[in-house]
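Data first, discussion second: the structure below is written as structure tokens.
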Amino acid sequence: MPLSPEARAVEAVLVVAVEPVPPGLLAELLEVPAERIDPIVDELIESCRDGERGFEVVRIAGGLRIQTHPDLAPYVERFANVGVSSRLSAAALETLAIVAYKQPVSRAQVAALRGVNVDGVVRLLEHRGYITPVGRAAGPGQAVLYATTDAFLERLGLDRLEQLPPVEDLLPGPEALTELEEQMRPVSDA
Amino acid sequence: MSTPPYEGPVDVLLQLVNSHQVDIFDVPLADMVDAFVAEVASWTEVDLQVLSEFLVVAAVLIELKSRRLLPGSGDIEPDEELVGWEERDLLLARLLECQAYAAAADGFALLIEQAARSVPRTAGLDPDLVVHAPDLLEGVTPDLVAAAFMRATADRPAPVVDLYHVTVDAVTVSDAVAELALRLPRSGPATFRQLTGHLTSRIEIIVRFLALLELCKQGRVSLDQGYAFGDLAVEWVADDSDVVSVGIGPTDEYEG
Amino acid sequence: MPLSPEARAVEAVLVVAVEPVPPGLLAELLEVPAERIDPIVDELIESCRDGERGFEVVRIAGGLRIQTHPDLAPYVERFANVGVSSRLSAAALETLAIVAYKQPVSRAQVAALRGVNVDGVVRLLEHRGYITPVGRAAGPGQAVLYATTDAFLERLGLDRLEQLPPVEDLLPGPEALTELEEQMRPVSDA
């Protein structure tokens, strides 16, 4: 049986969410009264109960999230081991390096530098304990700031962060950024 | 109505060709210059690159046009006429190709727009899932981290001698001169068609032709054309002893 | 109708994947012969077709991934600060098209076609990960040759490069060719 339009919208939001999504935010997004959310969520939870799908929707930490169904854990674990491979990809290593040298730094700042979305990689690095949130940026959005962990230093055989090899700061200056922006300018007739 | 942004001289040509039944060699140069000047007037900063590119295209057009307008077109050397044809063919091919890629670019924009309506899931592993994965940092040294940082942040490549403008498969006139200087004394009189029959690319034929002109200028070969557009008779007239010392002066390299 | 155990396992893996998962890897994880994967994937794709769910499963860039259903874009966009993907300029798109169809291709070849210097645009496209150097041309200069990447396919929503329309289809028809030729013919008495 197809989901209701509201349940589909909630599911879509959960698919892209990285953290559990509070019901209040869902009500806001769907523009429905807060008390309407619970039945919608129930419908969604019901639709993937009893092993109908590979994932389930759960209420957790005051929010909602999608997670793999427990009975499929062996596949997921095998994937985590094979799929992620035993080494970091060049992209992941670059993200880690940026965090190491620029910490504390937000995901958005890393993404701006690398020019791609880094949410998945940051999560992987955080999950493996190489980086950790250390606070929030001042200003609007209050982005989470990340820094490397002791485990990271330990694995690299370092005592202190200062022992990382010095690098010349090659970050493009403001004028280069402006140039990039220029090139990324949308076409005028949009 | 909005005018499309100025994207370079080739686009200007394309727009002109597309907009009307404009004879490309009858392009109203004044209109084109007006359009360009209007464009320049809207700039906040002068872009020398665009300015010089425009000058190049304008110069080519003026040359082609003046060649047509000047009286006594009979005075034009037949070989120059040939070169003119080559230019037209190349320009035509290029315009067509540009049109195809412009159409492809429109298609890309559409695909990107459609694809952007779907967002992939990138949440990654469930946070409380226990994964006994091997240490991802195995074999990673501090130096590798530093190198990765340099890689990630080095947007501007270090200044190096940039050779990109050297064309991949350039055929040189000097090569062609050397080859002809070896072949002609042995083969005896030959025609241009015989000398170029085995060549497939237009640029090779043109280069061969320029090499013959070069040799003619140096007095090593005689060229004779019985009638307009007739085949060119080529004969080696220099002493054979010259062959070993083909010291050709500075010759140009042509991009293919 | 509940999914088959195999389709559930594939779905669970896709839920935790951060980039498209190649079918070969799925076969490995499920310990089934490679040729068994296609029907399993088809079953999964079918199960969320026709707007039954808030997401869809698609074949993209040679792999499989879960993504939100396009008709829910308004909710998703409102929720997620989607990526850092600003629009590409017309110049960038055209350069990308030339690289896509002529790859591997050098900057000089692209510049010769477009009639303008393309260094900045090529750098931008490379920075965004849509094109990458794949080698060097033989001959003098050894120009760097560029090709498109999986990120390019993902951005366009394509599974394989072969899904691009053949360039012949994009060429103006014979009548346009004749017309162009007419326009370029010198006056007859020349």
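As written, the chain order gives the labels A, B and C, with residue 1 at the start of each chain.
One rule holds for everything that comes next: a residue touches a chain if its C-beta (ideal position, glycine included) is under 8 Å from a C-beta of that chain, and two chains touch if they have at least 3 such contacts.
Keep in mind the model is a prediction, meaning the values are calculated, not measured.
Peer 1: Looking only at C-beta pairs that count as contacts, which pair of chains has more of them, A-B or B-C?
Peer 2: When the contacts at A-B and B-C are counted, B-C has more.
Peer 1: Work out per-chain C-alpha centres and flag the one nearest the whole-protein C-alpha centre.
Peer 2: Per-chain C-alpha centroids ranked by distance to the global centroid put C first.
Peer 1: Hey, which chain ends up farthest from chain C, C-alpha centres compared?
Peer 2: B
Peer 1: Measuring centre to centre with CA averages, how many angstrom lie between chain A and chain C?
Peer 2: 24
Peer 1: Quick one: chain A and chain B, Cα centre-to-centre, how many Å?
Peer 2: It comes to 45 Å between the two C-alpha centres.
Peer 1: If you average the CA atoms of chain B and of chain C, how far apart do the two points sit, in angstrom?
Peer 2: Distance between chain centres: 27 Å.
Peer 1: Would you mind listing the residues of chain B that make contact with two or more other chains?
Peer 2: In chain B, 4-5, 119-126, 129, 155 touch at least two other chains.
Peer 1: For chain A, give me the residues that contact two or more of the other chains.
Peer 2: If we look for residues of chain A contacting two or more partner chains, we find 15-17, 66-68, 76, 80, 117, 120, 123-124, 180, 187.
Peer 1: Write out the stretch or stretches of chain B touching chain A in their complex.
Peer 2: These residues of chain B touch chain A: 2, 4-5, 119-127, 129-146, 148-156.
Peer 1: What does chain A use to touch chain C in their complex?
Peer 2: 2-3, 7-17, 21, 25, 29-30, 47, 50-55, 66-69, 72, 75-76, 78-80, 82-83, 108, 111-112, 115-117, 120-121, 123-124, 179-180, 183-187, 190
Peer 1: Spell out the part of chain B that touches chain C in their complex, as residue ranges.
Peer 2: Per the stated touch rule, the residues are 4-5, 7-11, 17, 21-25, 49-50, 53, 57, 68, 73, 81, 84, 88, 91-92, 94-109, 111-112, 114-126, 129, 155, 163-170, 255.
Peer 1: Would you tell me which residues of chain C are touching chain B in their complex?
Peer 2: Result: residues 14-19, 55-56, 58, 65-71, 73, 76, 80, 82, 85, 88, 90-91, 93-94, 96-98, 100-101, 106-109, 112-117, 123, 127, 137-144, 154-158, 164-165, 167, 170-172, 177, 179-181, 183-184, 186-187, 190 of chain C touch chain B.
Peer 1: Would you tell me which residues of chain A are touching chain B in their complex?
Peer 2: Residues in contact with chain B: 15-18, 66-68, 73, 76-77, 80-81, 84, 86-88, 90, 92-98, 100-101, 113-114, 117, 119-120, 123-124, 127-128, 130, 152, 155-158, 163-172, 176, 180, 187-189.
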